[in-house]
Amino acid sequence: GQPLLLIAGPCVMEDEAHGLRHARRVKELAAKHGLPVVFKASFDKANRSSGKSYRGPGLEAGLAAFQAVKRETGLPCLTDVHETWQAEPAGRVVDVLQVPAFLCRQTDLVIACARHGRAVNVKKGQFLAPREMRHAVAKCREGGNENVFLTERGATFGYGNLVVDMRGLVQMRELGVPVCMDATHSVQMPGSGGDTTAGDRQFVAPLARAAAAVGIDALFMEIHEDPAVAKSDGPNSLDFPTADRVLREVLAVRHALGQP
Amino acid sequence: GQPLLLIAGPCVMEDEAHGLRHARRVKELAAKHGLPVVFKASFDKANRSSGKSYRGPGLEAGLAAFQAVKRETGLPCLTDVHETWQAEPAGRVVDVLQVPAFLCRQTDLVIACARHGRAVNVKKGQFLAPREMRHAVAKCREGGNENVFLTERGATFGYGNLVVDMRGLVQMRELGVPVCMDATHSVQMPGSGGDTTAGDRQFVAPLARAAAAVGIDALFMEIHEDPAVAKSDGPNSLDFPTADRVLREVLAVRHALGQP
Amino acid sequence: GQPLLLIAGPCVMEDEAHGLRHARRVKELAAKHGLPVVFKASFDKANRSSGKSYRGPGLEAGLAAFQAVKRETGLPCLTDVHETWQAEPAGRVVDVLQVPAFLCRQTDLVIACARHGRAVNVKKGQFLAPREMRHAVAKCREGGNENVFLTERGATFGYGNLVVDMRGLVQMRELGVPVCMDATHSVQMPGSGGDTTAGDRQFVAPLARAAAAVGIDALFMEIHEDPAVAKSDGPNSLDFPTADRVLREVLAVRHALGQP
Amino acid sequence: GQPLLLIAGPCVMEDEAHGLRHARRVKELAAKHGLPVVFKASFDKANRSSGKSYRGPGLEAGLAAFQAVKRETGLPCLTDVHETWQAEPAGRVVDVLQVPAFLCRQTDLVIACARHGRAVNVKKGQFLAPREMRHAVAKCREGGNENVFLTERGATFGYGNLVVDMRGLVQMRELGVPVCMDATHSVQMPGSGGDTTAGDRQFVAPLARAAAAVGIDALFMEIHEDPAVAKSDGPNSLDFPTADRVLREVLAVRHALGQP
């Protein structure tokens, strides 16, 4: 088996200094646990609940910040794109292009990411059965990219709530691709927080351990140096000490099951 | 009260002749029932389950076909756009720009439609509580457009199934905007049909009548001259005689409740 | 077609005088609308959220009250039973034995109701697909009773919420039995009210109209002379003037569709 | 921490010899893993989908078989009861009285089990939020029994499917009671198997491991010497070699997290 890939970073790249600070700490965290790591951040939160919410630095400044992160830390980077035209410029800088869950059925976007990304991460739509993600995989292959993986981030469960169906991790792996658990978005409670999305951070660790016990290839976590002041997704982001503890537990579970 | 607005047409504009044939029959159908009508068709099915499915004529040919429809029939037209750059050219031709349900949280797309559309129809995401659509309305207003309405098309209900929560029609109307019932997409069974989306046409009429009994401002139906050979959404499209019967029933319900 | 059957009364028979007062007003209400009617009340709320909630007068006093109601008003009566031994004594007094939704899979209870009831109303479990109710119908027939009908009262939709799937009314009718819409329990929000079950009365009228537009044989409503002081299910019970308005609307919808 | 309690046995006690054979193998299995164990079987499957399905030996013969099991193996036993009158006789023989999930809101049944059981296992209703189980716990305490635990067995997720919400294990433990994972009923697909309940055994191991990683006090599994011929719940029962493997994995996960 392969070692667990860690994908971590703040929800949004607030500015270059912020990105660099976080990337260095993410690198340290991964090194401490001996894990390969990808630095994750968004340059534009294009689907915030409210139009008045903070969105990020935008494509140009965001990519510049990623270049700084890569130059200063050497970390591979991941970012999400929301329209096809972003795939090419983003793909020239970052290593993994991510298709947001709401957009996982947008054929052109998936194919553009496949064409321009070294790797593609497609998040499973909250509205889709895990096995339906075979179409996203096929679209990536159509785009000429075999380097695709799928991420679980919860399924719609009534209103204002998500549930992680652990069976989905098995079913998506059966599609022949690596599977990632997004442990922080999975605890969101969309629409339960008034104008922003609420979340319950206390469930990140149990869900991450559970996913590790089921079997995953990568773990995705949003980590912020101070979640209380994060400009996006604070309620479900972890601070670094908590992320460290989650990783320790996740790795203990993996090792117990004979996985590196 | 206002008379019911009918929004009808084929799922996809297969070509100009096809569009014209359908628009003429839609116009006739509306005239028969004395209803204002908008002709609906898509130029690009950008979110088909499978990448191998038929997608439509594309933006340029599609808009040309809409121009022909408008010139020949005088009908106002509606089409859906999937990326922001499409809003401006599409908005120059059609009258209503529609934001697809999966994309209802994409802030830029909603705002672009608000800027470039005479009117905007935002479909409620299958993953959203009805009241959460207040954010889509606010984003339209931010884009300077008060002429926005919301469409119900079913909510995620486990895997491979949608349920229409009739309470949502009331809750969305309470947001102060007109509400439309999409009676044909609401009967889809996403992912239950192998590589395409299945649907159960027998429920279109009951759901349309039910929505009329709850209270709606517009009724959306995909109608195809021969659903068995439709290149998209055949399983949930109606033929013209069935659409005629559905309208008759829907109007009977409305009139019984004192609505025109 | 048959005229709509009205099934109405307070959630719980608080005492004989309370039962009589309500039965007389229910009778009046039905007469006003020219409807056949069954008086509904429970003698024991055996499945309240909390063990501390009011439960009712119990079997003996409850049946005595039903006898008084029948003697004084001549109305046929319906009550629900929770264990098999209650079916025989209850069946000697009331006309319709009702199997609660949580208990619709309890084979012995369904068969006991079939044996001892003149008619049986099985409520669809919140956890069941409509078509699964064919087994409840078969169990009734096994118990020698063809006089069975099924009632919709909402399906589990995430936590603390129910959704009425209007397709279910069609699917249950396809089982060859009359179908009833329970318009007041369908608006419950189980567990959202702390130690009691919450509900949102404003949706009773729209859901009742919607069900009538789909097609139903009976309408079930809990009506209380003063819902604010009802000892059970107040939040989703109607007062008599509202019930009168709901019936007027429901009948208008039916008549418009050619149903008596 | 306490060692994991294993609760295992066939779905239904087919006859005394069958019960004894299974109890001996369950005892052996637990001994091999050094676990305390309770032998589980039902004497009556009172809520089968179809009235024609096999139900078991009934109360009297069932309790006689449990007495034989206790005498021959010394194992504590658990069985489920469906009506209040069964609690007293069953409670005289078995050690744990179980309240079925559909019945977890039946106040009298819960209280009767509390009065007559040395311990009570209440299965969480498929239709209930985990935190709502606080009422079941309170009802047990009202019945004078502090020895109550709660079992997760899946939540209603659309039609014909259950999902295990791993957060519920945490939330139910926060109620101050031990929590059990029922790994075999959680993979049922109710109503998807025609006249019987289908299930997908391949998910038992991943869900059991996941629950262990979240944190549980007991693991419940239905094990049959030959699931292919089991008279009930075959599709989700395990054979003994598979149960052995599941236990090994579950214990590895627990030990890795510092639990015995």
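A, B, C and D label the chains in the order they appear, each numbered from 1.
Just so we're on the same page, a contact is a pair of C-beta atoms (placed from the backbone, for glycine too) under 8 Å apart; a residue touches a chain by one contact, two chains touch by 3 or more.
Being a predicted model, the structure only gives us computed values, none of them experimental.
Visitor: Both subunit C and subunit D are touched by which chains?
Guide: Per touch definition, common to subunit C and subunit D: A, B.
Visitor: Rounded to a multiple of 5, how large is the rotation, in degrees, that superposes the C-alpha trace of subunit B on subunit C?
Guide: When the C-alpha atoms are superposed, subunit B turns by 180 degrees onto subunit C.
Visitor: Return the chain whose centre of C-alpha atoms lies at maximal distance from the corresponding centre of subunit D.
Guide: Following the centroid criterion, the farthest chain would be B.
Visitor: For the pairs A-D and B-D, output the one whose chains share more C-beta pairs in contact.
Guide: If we tally the contacting C-beta pairs, A-D comes out ahead.
Visitor: Have a look at where subunit A meets subunit B and say same if over half of the interface residue numbers show up on both copies, different if under half do.
Guide: Same-residue interface.
Visitor: Can you work out the whole-Å distance between the CA centroids of subunit A and subunit D?
Guide: The separation of the two C-alpha centroids amounts to 37 Å.
Visitor: Using CA atom averages as chain centres, what separation in Å is found between subunit A and subunit B?
Guide: 33
Visitor: Where the CA atoms of subunit B average out and where those of subunit D average out, how many Å apart are those spots?
Guide: A distance of 48 Å separates the two centres.
Visitor: Counting only residues that touch at least 2 other chains, which ones in subunit C make the list?
Guide: Only 155, 157, 159-160 qualify.
Visitor: Among line, ring, star, complete and other, which one matches the pattern of chain touches?
Guide: Contact map by chain: complete.
Visitor: List the residues on subunit D that touch subunit B in their complex, please.
Guide: It comes out as residues 157-161.
Visitor: Name, in rising order, each residue of subunit B that touches subunit C in their complex.
Guide: It comes out as residues 155, 157, 163-167, 169-170, 187, 200, 202-203, 206-207, 209-215, 249, 252-253, 255-257.
Visitor: Give every residue of subunit B touching subunit A within the complex, in rising order.
Guide: Of all residues in subunit B, those touching subunit A are 46-51, 55, 82-85, 102-103, 105-108, 110-111, 125-129, 131-132, 135, 138-139, 142, 155-156, 159-160, 190-191, 195.
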